[in-house]
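There are two complexes below, and they share subunit A, which is joined by subunit B in the first and by subunit C in the second.
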Partner chain A sequence: MSYYFAIIGTQDNPLFEYEFGTSKQGGDGIARFAEQARHMNQFIVHSSLDIVEEVQWGNGQMYLKCIDRFYQNYVSCWITGGNVKFLLLHAPQPASANTSRSSTSIGANPTSPQTEEAIKQFFTEVYENWVKTIMSPFYQVNMEVRSPVFRSRVAAAGKKYL
Partner chain B sequence: MASSQPGKPPLAGQVANGQRPLQPGLRYPSNGKTVYHRPLNRSRTQELSQASFAYLFGEMVSYAQKRVTGIQDLEKRLNAQGHPIGLKLLDLLLYREAPRTQTRPLHIIALLQFITNVLWKHLFSRPADNLEKSSNPETPDEYMISDNEPLVNQYISVPKEMSQLNCAAFVAGIIEGVCDGSGFPARVTAHSVGTGEEGELWPGKTVFLVKFQPEVVEREAYLSKS
Partner chain C sequence: MASSKAARIGEEVWKSRVDKVNAELVTLTYGTIVAQLCKDYESDYIEVNKQLDKMGYNIGLRLIEDYLAKSNTMNRCSNFRETAEMIAKVGFKIFLNITPAVTNWTSDNKQFSLIFDENPLADFVELPDDGRAQDELWYSNIFCGVLRGALEMVQMQVEAHFISDVLRGNDSTEMRISLIRYIDDEMPVDDD
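What follows is the complex of A and B.
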């Protein structure tokens, strides 16, 4: 399972991005996107913004679950009160030799309730750090986040839950 | 600010191999604690000294007053000072809500109730005194939040020649920030409604007039239909 995580500002401008792989089931936490698929991630994530705009007025939850799918790429979304979107693209690994063992893992079932819950916990933790970021008096809306501490916090959350 | 401007020295931030190296210009606090190490939840009783707030706010007003052309300009500047606070408080207060009620406001009423209850309690330790919709049928996009005794105005005496001024424009800016942030763009202005008569119950009563943009009203009508 490979993940691409992006934070999109209120003007649909990217504020932060991070790529990582699963750490569950003995994963090493390295993203394994094919080289030609990698630059597509940004397009896929941004193209689902239209769907976010539709779904966001449907219910008031921040976690909008899995909102979009492009072939084997699934996009989950969390929207903050300030209309900033957290988008997580998750792409399960093409069926490997040990399918029997990993068939129940969150990696193999991108739409299962377990995966949904794990992503929710990941987003919740990122949200906490996001609120801390914007509470900084030097942070203005739609500013790019470049703090290495924030990056390591996101990485830790990814490692913990996904 | 400029991460990838050509010709800038590498100090401003290098991007190499998709990984950002630690920037040499970044300084850590001496105790190693950043804004990320501080908890977001504060106990309910933690309050600020009103005297120190009044002192700071007095300085903010006189700072805003420098080189202004008129009262409207001054109120606009106070409004601009409050706006980013509203944007930040919106997410902070939503984060502190209990998980079951942690929902983004989708309707005007939900948003205004969030402002008059949650935001007001956070800022002033009490809910706002009144919330009403404009009774004028020509302005269905206007709502009024009233506060009998705005805390920010407690130690502000407005000179006679500036009687139009209401320094609660700062609070109006905070409200505007909350509205804008949650996707309800609005103009918020503060108005004194005290008549100045002797023996008046609330001489400092202030009304915050919230005027939503037409697209908000349009969306509201569409959402309530479906």
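What follows is the complex of A and C.
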């Protein structure tokens, strides 16, 4: 299971990117995207912004769950009160590697309630840290987030829940 | 003995005689001031430090009056050690609800350090990563000015500066304060 996490600002501009792999089921936390998929990830996430706009006013929740799918790439979204979008692209590993063991993992079932819940916890934690980060007086709206502290906290959240 | 008395006074005044405001309001207001200064002086952090110190000095000149009125301790501190205790346990307590630790005295009792375990001004703050702010900006430098101004009004000339700050990646936030002299009452020139 590989993840690509992006934060998109209010002008559909990217603010933060982070790639990581699963740490559950003995995963080593390293993303295993194919080299050409790396560029695709940005396209896929960007194209799902249209769908975010369609569903964002629907239920009044911040967590919009899995909103888009492109072949084996699933995109989950969390939208903050300030219209900043957290997008998480998750791609299950091709079924070749030990299917029996990973079949119960959250990675293998991208739309199962367990996966939804795990991603929600991940988003919630990132959101808390996001709020703290943008409260810094030296941060301006829609500015790219370069804080190493924030990056490490996102990494920690990814490791903890995904 | 004196130290526990100071702690008691601070606690009592904080509970009964101080109007409280939201901590985040203070944090964000101060943060905005510093950020704006950095912008106005085009990231000349040495100058920003100076300006913060100057603002603090002007606050200190007035704040001492408020401090004396609230704490009701009209008797003079008998020595500089007692002054330090009162600053940490009463002054910082009633205005910010923190109690920095007083340590690292020199043997002549004229220099000490305040170590800030918590600093309400610096919550959420991350210094700009331009490679200089980490070495040059003392984010909470307004405190130095406040102490300098306040003590000057009670006949103590001091020098205060930060020597470490957790925002810069140091282990603690430490301010060094040195007593330069007690200011004697001076007669105006040509006054008979």
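Please note the rule applied: the second predicted complex is superposed on the first by the 161 of 162 C-alpha atoms of A that agree within 3 Å, B and C clash if a C-alpha of one lies under 4 Å from a C-alpha of the other, contacts with A are read in each partner's own complex, and residues count from 1 in each chain.
Simple rule for what comes next: a contact is a pair of C-beta atoms (placed from the backbone, for glycine too) under 8 Å apart; a residue touches a chain by one contact, two chains touch by 3 or more.
Quantities reported herein were computed from a predicted structural model and do not represent experimental measurements.
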| item | value |
| --- | --- |
| Clash-or-fit label for the pair subunit B, subunit C on subunit A | clash |
| Subunit B versus subunit C as contact partner of A:149, first or second or both or neither | both |
| First (subunit B), second (subunit C), both or neither touched by A:34 | neither |
| Which of subunit B and subunit C A:132 touches, first, second, both or neither | both |
| Subunit A residues touched - subunit C or subunit B, whichever exceeds | B |
| Doubly contacted subunit A residues - partners subunit C and subunit B | 132-133, 135-136, 146-147, 149 |
| Interface residues, subunit A side, partner subunit C - complex | 132-133, 135-139, 146-147, 149 |
| Subunit B partner contacts - residues on subunit A that touch it in the complex | 19, 56-57, 59-62, 79-83, 127-136, 140-141, 144, 146-151, 153 |
| Subunit A partner contacts - residues on subunit B that touch it in the complex | 3, 13, 18, 20, 22-23, 26, 34-36, 38, 40, 84, 87-88, 90-92, 94-95, 102-106, 110, 181-183, 219, 223 |
| Interfacial residue positions of subunit C with respect to subunit A in the complex | 24, 27-28, 30-32, 34-35, 38, 123-129 |
